[in-house]
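Structure, as structure tokens:
Read from first to last, the chains carry the letters A, B and C; within each, the first residue is number 1.
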Amino acid sequence: MRQFLRVAWVVMRKDLTVEMRSREIVYTTVFFAASCVLVFAFALVREGRPLEDAAAGILWISIAFAGTLGLGRTFERERHTETLRALMLAPSDRPAIYVGKLLGILALMAIVEAVLVPMIGLLFHAPVLARPLWLVALLGLGTLGFASVGTLFAAMLVRARSRDVLLPVLLYPITIPVIIAGVRGTAALFQATPDEPMARFWAALLVFFDVVFVTLSLWTFEPLMTE
Amino acid sequence: MAFDFERLVVEDVSRHFGRRRALNRVSLTCGAGTILGLLGPNGAGKSTLLAILSTLLAPTSGRVRYGEHEARTAGARLRARLGLLGHDLYLYPELTARENLTFFARLYGLDRPHERVERALAHASLSDRGADQVSGFSRGMRQRLALERALLHGPRLLLLDEPFTGLDDASGHALLARLRGLRDEGAIIIVATHDLDLAEGLLDQVAVLREGRLLSVPSSSGSLRERYRETVAAAQAAQDRGPR
Amino acid sequence: MARVFLPLVLVAMALFAAAPLVVANAPPEQTMGLVQKIFYYHVPSAMLMFVSAFVCGIASAVFLFRRSAAADRVALAAGELVVLFGAIVLVTGPLWARKAWGVWWEWDARLTSSLLLWMIFLAYLLVRRFGGPGSEKLAGAMALFGMANVPFVYVSVNYWRTLHPKTSVVMTLAPGMRAAFWFCVAAFAALYVLLLTLRKRLEDRQAEVEQLYLAAED
């Protein structure tokens, strides 16, 4: 177990170090997410007033789009140097490598969301500070659900054809429950009187989703990555 | 607790991708302290065989034995005794030489990582460039670093895919010396290469692959290049005669 | 194969030949009249779509963890049938909705869940077709995840809908209808088994051809 965590930690640290040298993925993904918000704002805001629940929807759509971009770019980098092979050669538990990569993606998404949430609060007058802990919980659980499936698929797609378009094709249908839960839970929090029981219900659903899909991903990582 | 093996036995290994047969019933044996040369034209199946030997790929039939163990049952412990230097060098260009080696040392769970890293840098003659990013290195420097990365954990079986590509004379000879040293320490080294001149004095055993099959090599005297040519010509003639 | 094939074809054909008669003779429903009868094809298709999704998911799991090529062929056949039966559901559903409630689509929970499942398995087929070599494993993971997703899709879409209550798709079955309904379920089930067996057989033959190609090279 200790070895498992060590390997995951080492892989994550390496990913973050590599990223911090150029910061290319962080900058472009954050900028992309911000552009998404603006595009949707222009589409969904009429006469200076956003459609009901638009803020929650726009937040989660931007997270999904930016997440897909970040996943694609991160694994493209591994493909370029074939270093995923080197990781698979190591005498470590293969799922530990998956966890390490997942943690790296979560760190990236955390940075993106740290920019998106204030932006949403500002542009749509959304009460992001009304129930901050619930909001963080929803964002954390939802991002984990999205990223757990995304990391697995992106890793597998490294050696496939048409990988750029296949990642969204595969990822979005599977993660729709996450989007639904995230949007409805966040919308419940953004109401005039925040609806905590509602948010709790959706957070519970996300917990179940995360448990099931992280477990499935851990199980299937090795058979998927080996030929 | 320490997992090791003295012989590598490849039994009737075949591998196909859809309709394309990459390897066709290849068998060979290699003992400790041997350098085996894997020769053959492009597309002969050299890289595929190396991938199978490194456990990254499974054969579609046949098996590979490392001592009495097989890849599927031995798992992670076996990978701790294998080293692969692929065509792509598996280095992170954004990291420094030292960081690259340290990462792999930590990934492999090696003890005294700093010592090993410094020793590896010394072997690669890169001690003074340890803090520089790999993206600034020449091909030769990267090759040396990548080789040391593959050797960090002291593997029993070392697999090299075209290691002499892009190396200048001095680096090429330095690599030869390093390989000879490792062979003398008991490693099993398998080198896939085109460079017959450099490999001339290096190889203890020779295996020639053509279109996925292992050709028999005449043990006649004569340079490696001559023997290789003979082998390929004989196979071509046999093919032209038609199937039996 | 011939042993099992012929009886299957006969059974399926007989059931389907009789089905329109059975459906026509079933008692008409009070509110919707003739339109309601599309229900007899719509619901069995939906049931078999879900069954096929589970068959595909389980076969994919066996393929991934036991490396069984035969399981992969079953998975492919089942995956195609999810898309086929799903298409029937998604065509008959809106037809019914249009006549019954005046709109083609109004985000009914079950229909939306079916659409989602349909898209997941459509993606399954896309990956197999365009993913290049080795895409069977990736598709297998997709099918497995899709199958695991069914409860989540159902719950989330259901509760997403409760804010906009609308007429439900399901209604209580009068006794006379029950017989007709289960008859149609049997007919569709026979069709499903027939198509699955047939498609898997086709894949088996294809695999044999590949083997022969390889053997011929020796």
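Definition applied: contacts are C-beta pairs under 8 Å (C-beta built on N, C-alpha and C of every residue); 3 or more make two chains touch, one makes a residue touch a chain.
All figures in this text were calculated on a predicted structure; none of them were measured in a lab.
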Examine which chains touch each other and state the graph shape they make (line, ring, star, complete, other).
complete
Taking the mean of all protein C-alpha atoms as the centre, the chain whose own C-alpha mean lies closest is A
Compute the distance, rounded to whole Å, between the mean C-alpha positions of chain B and chain C.
50
Cα centre of chain A to Cα centre of chain C, whole Å, reads 31
Please report how many Å separate the Cα centroid of chain A from that of chain B, as a whole number.
39
Per-residue multi-chain contacts in chain B, two or more chains
none
Sequence positions of chain A contacting 2 or more other chains
227
Per the touch rule, the chain C residues reaching chain A in their complex are 64-65, 67, 116, 119-120, 123, 126-127, 130-132, 134-135, 137-138, 141-142, 144-146, 148-149, 152-153, 155-157, 159-160
Would you pull the chain A residues touching chain B in the complex into a rising list?
3, 6-7, 10-11, 14, 17-18, 21-22, 81-83, 85-93, 226-227
Give every residue of chain B touching chain C within the complex, in rising order.
16-19, 21, 24
Taking the complex as given, what residues does chain C use to touch chain B?
133, 210, 213-214, 217-218
What part of chain B is in contact with chain A in the complex they form?
54-58, 76-80, 82, 84, 86, 88-95, 99, 103-104, 106-109, 133, 153
